[in-house]
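To keep things simple, chains are lettered A, B and C as they appear, and every chain counts its residues starting from 1.
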Amino acid sequence: MEKTINVTLKVWRQAGPKAKGAFELYKLDNVSTDSSFLEMLDVLNEKLIKERKEPIVFDHDCREGICGMCSLYINGHPHGKDGETTTCQLHMRRFSDGETIVVEPWRSAAFPVIKDLMVDRSAYDKIIQAGGYVSVNTGGVPDGNAIPISKIKADEAMDAASCIGCGACAAACKNGSAMLFLAAKVSQLALLPQGRVEASARAKAMVAKMDELGFGNCTNTGACEAECPKAISISHIARLNREFLCAKFQD
Amino acid sequence: MAKIEETKIDAKIPAGPLAEKWNYYKSHQKLVNPANKRRLDVIVVGTGLAGASAAASLAELGFNVLNFCIQDSPRRAHSIAAQGGINAAKNYQNDGDSVYRLFYDTIKGGDYRAREANVHRLAEVSGNIIDQCVAQGVPFAREYGGLLDNRSFGGAQVSRTFYAKGQTGQQLLLGAYSALSRQIGQGKVKLYARYEMLDVVIIDGRARGIIARNLVTGKVERFFAHAVVIGTGGYGNTFFLSTNAMGSNGSAAVQIYKKGAYFSNPAYAQIHPTCIPVHGEYQSKLTLMSESLRNDGRIWVPKKKEDAEAIRAGKLKPTDLKEEDRDYYLERRYPAFGNLVPRDVASRAAKERCDAGFGVGNTGLAVYLDFSSAIERLGEDTIRARYGNLFQMYEKIVDDNPYKTPMMIYPAIHYTMGGIWVDYELQTSIKGLFCIGEANFSDHGANRLGASALMQGLADGYFVLPYTIQNYLSDQIQVPRMSTDLPEFDEAEKAVKDKIERIMKVQGDHSVDSIHRELGLVMWDFVGMGRNKAGLEIALEKIKQIREEFWTKVYVPGTTDGVNVELEKALRVADFIEIGELMARDALMREESCGGHFREEYQTPDGEALRNDEEFSFASCWKYNGEGQEPTLLKEALDYEFIQRQQRNYKA
Amino acid sequence: MWLIDSSIGRKFIMSITGVFLVLFLLFHSLMNFTVIISPEAYNAICEFLGANWYALVGTSVLAAGFVIHILYALYLTAQNMRARGKERYAVSKNQKSVEWASQNMLILGAIVLGFLVLHLYNFWYKMQFAELTGIHTGQFHPADGAAYVADLFSSPVYCVIYIVWLVALWLHLTHGVWSALQSLGLNNKTWLPRVKVISNIVSTIVILLFVSIPVYYLLGCGSGC
């Protein structure tokens, strides 16, 4: 009942942040098409360990598409070519027998490689630390139903909030821009009355941090939206632009 | 059999009527003034709902916080994967909910093995959590009128579950993460991402710091604090296959257990009824389908064995089966709660049907979760709006359209109610060492109700620990920051380095995963859904062999410098072996069935769990006695002052 | 200064200059179209836009718009290249929804600019510049635009060159117009597809008006059909 395929993997190996990396070829036979891409890599790693070689390092954790830890640029696409899918949810049935699969790390100046396919995405955390929050301390807040929020706005905020911070947007962007990531947070909070209070300050602080960290400028190619595993719309980028420009013109 | 010590364990529960205890505590506890808070350091290990909310709240109060996580970002913690929702006794639906009812449901759901005072406090602060999260900008689902929406969850007859699509855990965690990020931005929290705690440092009987390994450089480092808080989640991955994240582990718990913290009720593990069934040997994890699906989905297996066999052989499709040939066994057995019985009950019922030969799927280890009648009643669009992301996830994994064919599900390890013993203040048996969230044992008894894990994690982090830790820290204000050059740090670091070296030196021929997989099979077969004396004794024997195998045959490639994922996994598996043994030991000791712990010898004639309140109305507390020594069992008596214990009944 | 320091500020400048240039193109295309309807009317406009102070001010502002747009484009591209990092993907593909033009705005811009130089030589140098400096290199009167148009497009090679140029410009505009509105924040989920359609219509109208002239001459209609 189970179907299997044989694949060749061309994987980026890099010993450390400063080391020079290169592609290595691995042949892997009898891969179950029901296994996920990461399970396929597990099998490959198991094989490498048996051969007393160092396994391939890659980031992963929840393996159900929500933690945002997995990355990988597979055959020219972040998280592979399927839409709305993280690498951990990508299954081998999407590949054909005999296929050569090229696996690369996220490549962006702001995401330096740590080892092999593992990159440092702490820049995204720094952007959130610059203002991706509502400044309320624990306790002393009003009742949850004190401020009614239109369902439409709450739903749109939820769509923006579903960002998993995986970095695919910046990895896919030819400009290395983190605008979709940033916009998702600014937009989510700008849509809700709780976040409205400091919306201007937030937009300014987060954009300034993004620029400081060396991300590129958005040119609206839409690659981020197309590759986003949560299909976050670039309309949020428009809202960010609006928030930012209004804030700056008010200054 | 285990050594039993009849020490009276004091949980420091405040006196007074149940509903007044927490208020009384808060009004009388000692506090730390703002100027002194600045001089006190607190280490928080873990950045899940409990860890992140605690770190943020403590920093907001003015303490200096050092926060550690093994992932690349605090936002990755596995709380993020919780789907269905969070309970709160808001009674927004006017359906008869109250603090008392949430308290009662939780105690009953936990099969009367939780501490009354803790659970009542949990129910009391549950409403504050919702308010807090809304204020942070968590986009909870709302009604058209703009007010918060609720859904129902297992084990309750009211709708008190707040949710954000099927991603409630994600949204709550991102809320806590944003609060944490704000404190990191302000310099009040120092974040150590990609750091793994490897030991706690005890000086003069008090927790004074940790030893942690930088997972990028491989360097083992020392950190001092006036108090240490562990919020590192549960140990479900002992089973290798679970719904936990790949990195979830019980190592911090094992480290502090070995330093003297009691490990409580390790046998209480929750098997979640609605997971995608195991489908292959290469499988690395199991995926949960939210319990909220049981709001609208109906669970069934074929009524006739021959139909089940035909389905397994691929000769018959589930949609071909007529209504009268289907056995909606939960609705049949539990008419009052139907498909919404608690998780342990639903899981056991599925196992019972599959063991009896009515299971489906090619392995026969699956039952159907069917949405056809809900789709007929509400329309596909409504179902899509409610569960779209879950259906999509199912389709990606199984390659089958759940709108057309019923989903296949089977129980899997999901959550561990057991954990580090803590008193009412969430302090472990080591002074200055606190434990919060899933890592502790406190609130769920022998079984956790759906949508209560998020509630407990956030209750501990936002509203309980920030109070109770001050009661401890108030007499620490005179203690200066200590040097990490003290001999206690030397010793702890040396022990950690020795352990790493020992593992690296084995150079055997078994991969870490292969040993872990082996352990998982033993756990599932003998310490899983149905346990018995003979099986548990076999498990203890087998785990001993696995430990031997690990320390003589494991192979960890690479070096200790830089990233070494296999080494990280090996360190965790070494600890899983310890936990596995402790689980089996606890399960063997507890000669009764309660909640998630089902001993086949102790069941009612119709197969329900049979408690033994006379002998086992206690929380087991295991005290470590050194390598190769049997641990000592201590008992915290559970005195039910306010609730009358009953046989759990979800039938009528 | 946030218009230089911040990415959205820089994009704001790109958008504002872009929108300004689009408006100019719209005007220019409408003006050109008159040459088909009435060469006399066209020449009247040419005369009006000769070496007059307001026309010169307009020309200077326009030139400034071009220069700023180009300089910012270079600046943004340089920054974006740096942000991409040193190592490049060995394999990189686009999803279908990603338009080719959007990823190649600089190249399209460069093509447009190259032809623009030729265009300035063909017309502006012989017309407004000639009037301004008195250096007459053309064979007709500097204000006799219609004659220059007719002359240039009597060569089919020039017709084709101009059509190619306009196609590049069209591609540049299909992305540029909606992108400018997006960068200015004038967009939302509902309007995103609408804005794209509107942009395509605007760019197509502009380009069709322009293209109609070489096509008109190419079909031989210029010489009295």
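By our rule, a contact is a pair of C-beta atoms (placed from the backbone, for glycine too) under 8 Å apart; a residue touches a chain by one contact, two chains touch by 3 or more.
Fair warning: this is a prediction, and the values are worked out from it, not measured in the lab.
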| item | value |
| --- | --- |
| Labels of chains that are neighbours to chain B and to chain C | A |
| Most widely separated chain from chain A, with each centre as the mean of CA atoms | C |
| Result of counting contacting C-beta pairs for A-B and A-C, higher pair | A-B |
| Central chain (distance from its CA mean to the mean of all protein CA atoms) | A |
| Cα-centroid distance, chain B relative to chain C, in whole angstrom | 62 |
| Between chain A and chain C, centroid-to-centroid distance (C-alpha), Å | 37 |
| Computed distance of Cα centres, chain B from chain A, in Å | 27 |
| Chain A-touching residues of chain C, taken from the complex the two chains share | 2, 5-12, 76, 79-80, 82-99, 102-103, 105, 175, 178-179, 182-189, 191-192 |
| Chain A residues within the chain C interface of the complex | 10, 21, 23, 73, 75-77, 81, 83, 102, 104, 107-113, 156, 174-177, 179, 207-208, 210-211, 214-223, 225-227, 233-235, 237-246, 248 |
| Partner chain A, residues of chain B touching it in the complex | 53, 56-57, 60, 71-78, 80-81, 90, 92, 127-128, 130-148, 162, 164-165, 167, 169-171, 174, 177-179, 181-182, 184-185, 191, 193, 216, 245-247, 279-280, 282-285, 287-288, 314, 362, 392-393, 396-397, 399, 462-463, 466, 511, 513-514, 555, 557-558, 562-563, 565-566 |
| Of chain A, residues touching chain B in the complex | 1-2, 15-16, 32, 34-36, 38-40, 42-43, 46, 49-50, 52-55, 57, 59-69, 84-85, 89, 91, 93, 114-115, 118, 120-122, 124-125, 128-139, 141-145, 147-151, 154-155, 157-158, 161-162, 164-165, 188-189, 192, 194-195 |
